[in-house]
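Going in written order, the chains are labelled A, B and C, and every chain counts its residues from 1.
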Amino acid sequence: MSPAPTPSFEPPRPLHAAFGWLVFGFFIFTQAYAVLTSPADAMMGHLQKIMYVHVPSAWVEFAAVGVVLFGSLYFLWKEDERADLLAASSAEVGAVFCGLTLVQGMIWGRPTWGVWWTWDARLTSTLVLFLILVGYLALRSFVEDPHRRGQWSAVVGIIGAINVPIVWMSVKWWRTMHQIQSNPRSLSPEYLRGLLLNLAAFTLLTAWFIWRRYEAARYERAAEHVSQAAALGGIDG
Amino acid sequence: MVGLLGHNGCGKSTFLRIVATLLKASAGDCFVYGANVKSDGDVVRHHVGFFSHVPGLYDDLSARENLAFAATMLGFPEADIDAALERVGLTHVAHERVRGFSAGMQRRLSLARLILQRPRLLLLDEPYNNLDVAGIALMNGFIRELNAAGGAAVVVLHDLVPAQGVLDRTVTIRDGRVHTPTAADLRHGGDSPQAITLPVGAAGIS
Amino acid sequence: MAFRDDVRRIRAIVWKDLTTERRSKAGFSAVAALGVTILVLFGLALGPDGKALQSAAAGALWLAILFASVLAFNRSYQVELDGGALEALLLYPGSRWAIFAGKLIANLLFVLAMLVIVVAVGIVLFAVRVPAEWAALLGIMMLGVVGIVSLGTFYAAMSSRSRAREVLLPLLLYPMLIPVLLASMEATKAFLLGDLLNASGAWVQMLSLFDVIFLVATFLGFEYVIEV
């Protein structure tokens, strides 16, 4: 266990807020751009434009899991608390985006396929990933000792992240074996530019969310350290 | 033979557990016979025998079976279990399940396990609790025997009386620090951890 | 030399786990009875039409085994926590992975014994036609059980020592087991319904791959979760 790096207790610098506004502004811009400049889809009309939030949300959830994976690996290797806090923050944000992806998928699916859920590889994998992240967060909330919490969630996070491609593979195979047609979601080129812009916007947005959550986590952890030290009676001279 | 004294919560048990590799220190190093507690935990565990209020026994196994299990886990599958049982006076219940044992009997069975192990360094956390006079004599006899064979012991105590004649020196811990005029800082997570050497004869805990 | 010691330790732990389980009051019978009860509930949920039951048999069997196994996993660590034996276990010299191997093998034997009973009852309740190559079916089921037991033994090491252990183990374990369960259920289903052997063959290959991945991952991860 490395000694706790105490974060300074200064309020967030104006730079944080400025960056935040910038990111949000960019996000709004890209959304407006994509929605307004793309034509209505031949089959689905304007509903197709939900792709501009759905696909980036899905991308973000996997990116967040990537942060959980590497943060956890780094924590086990270097025992740096900050890596643990980063992984945890990323898991929270990732879980939220999982939820969003699911809802968007259902909104798109209902008018298109007539059903709210089709057990396709992407949606099912997202649902399972959501459950994995919920499990990870539940574990963290049920363990009080910070060192134990860090070690346990790191291992659970790593194995959980490894499981994601495995789940994807098995569900895809499941559908193939039962000869269910996969739902083609091809994207014609005029949509691509809007999509790429939105991918960038979502990535920045998520990075900002994770960063802010991470800062809050640092403060929480510092508070924990203080109360621990007080309990040990080690503060007095 | 070193005794560690101090009021409750001052950190003496914690220190013992760190040496036994049960806990990880937040700062500083600890070496047992040259092996680093943090990185060479397994080597340390070969040298060290830990005894605490936690019996660490399986209720549904008999006394003998518990010792047989311990012997295999310690790496001495051919150890003389019956001799150990006889020494602690539990031969008559060797085949009884531990579930029915009193606290004193469980303590003596734990001591039997320690006797099987014959560690170079004994770490004893309040070993005299729940022991009657005979039990205390057993414990002290064992400590002296190990000492004569070149071993060492660190005993955490709150009361010096049972350990009379066994300890070579005592160290008092207060608020996580060694409380002597030439104090070395034992504080966990402290900013300037210094080495505290407890001279325990041939052994060296530094 | 050290490896032989570890093998002896593994055997000792397997013996110890199975013996304490056997001597504790009605441990195995309760778990097996639970497995059967769950099968009955599934039968009620999916039946009474014979055809529906037959096509759902594989799924119901595996879920019954899964839910009953979870009990076994928590019990396996409970025995260490009751007398503080876990601390003693961690103080012995020797590799941590040997502890995991011992507990894993003991759980494996326990769950396999339970599986025999549950499958036997399931064949009756769900009117399953036992194929001629029942030995191969047993092999498939063993592969599935290996996956369930390795992840179960691993996560139970943590859940048994935290608050809300009853909900934490299933919450962590079930999503992680989805690939193993899917492959097991599909392989079993294909086999029982006499489908093309290639269907179950492909699933068996996947299942074996999953088993290897999760065995390696849990063995590597165990020392991080058991010590702390």
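Criterion: a contact is a pair of C-beta atoms (placed from the backbone, for glycine too) under 8 Å apart; a residue touches a chain by one contact, two chains touch by 3 or more.
Keep in mind that what you see is a predicted model, and the values were worked out from it rather than measured.
Chain C has the Cα centre that lies closest to the mean of all protein Cα atoms in view. Most remote from chain C, judged by the distance between CA-atom centroids, is B.
Averaged C-alpha coordinates put the centre of chain A at 31 Å from the centre of chain C. Distance from the chain B centre to the chain C centre is 38 Å, each centre being the mean of its Cα atoms.
A separation of 48 Å divides the Cα centre of chain A from that of chain B. For chain C, the set of residues that touch two or more other chains comprises 228. Multi-chain contact residues of chain A, defined as those touching 2 or more other chains: 147. Shared interface positions of chain B, defined as residues touching 2 or more other chains, are 24. By the touch criterion stated above, chain A contacts chain C in their complex at residues 76, 128, 131-132, 134-135, 138-139, 142-143, 145, 147-148, 151-152, 154-156, 158-160, 162-163, 166-167, 169-171, 173-174, 177.
Chain C meets chain A in the complex at residues 155, 158, 162-164, 167-168, 171-172, 174-176, 178-179, 182-183, 186, 199, 202-203, 206, 210, 213-214, 217-218, 221, 224-225, 228.
Those residues of chain C whose C-beta lies close enough to touch chain B in the complex are 5, 8-9, 11-12, 15-16, 19-20, 23-24, 79, 82-85, 87-95, 228. The residues of chain B lying in touch with chain C in their complex are 20-22, 24, 42, 45-46, 48, 50, 52, 54-61, 65, 69-70, 72-75, 77, 97-98.
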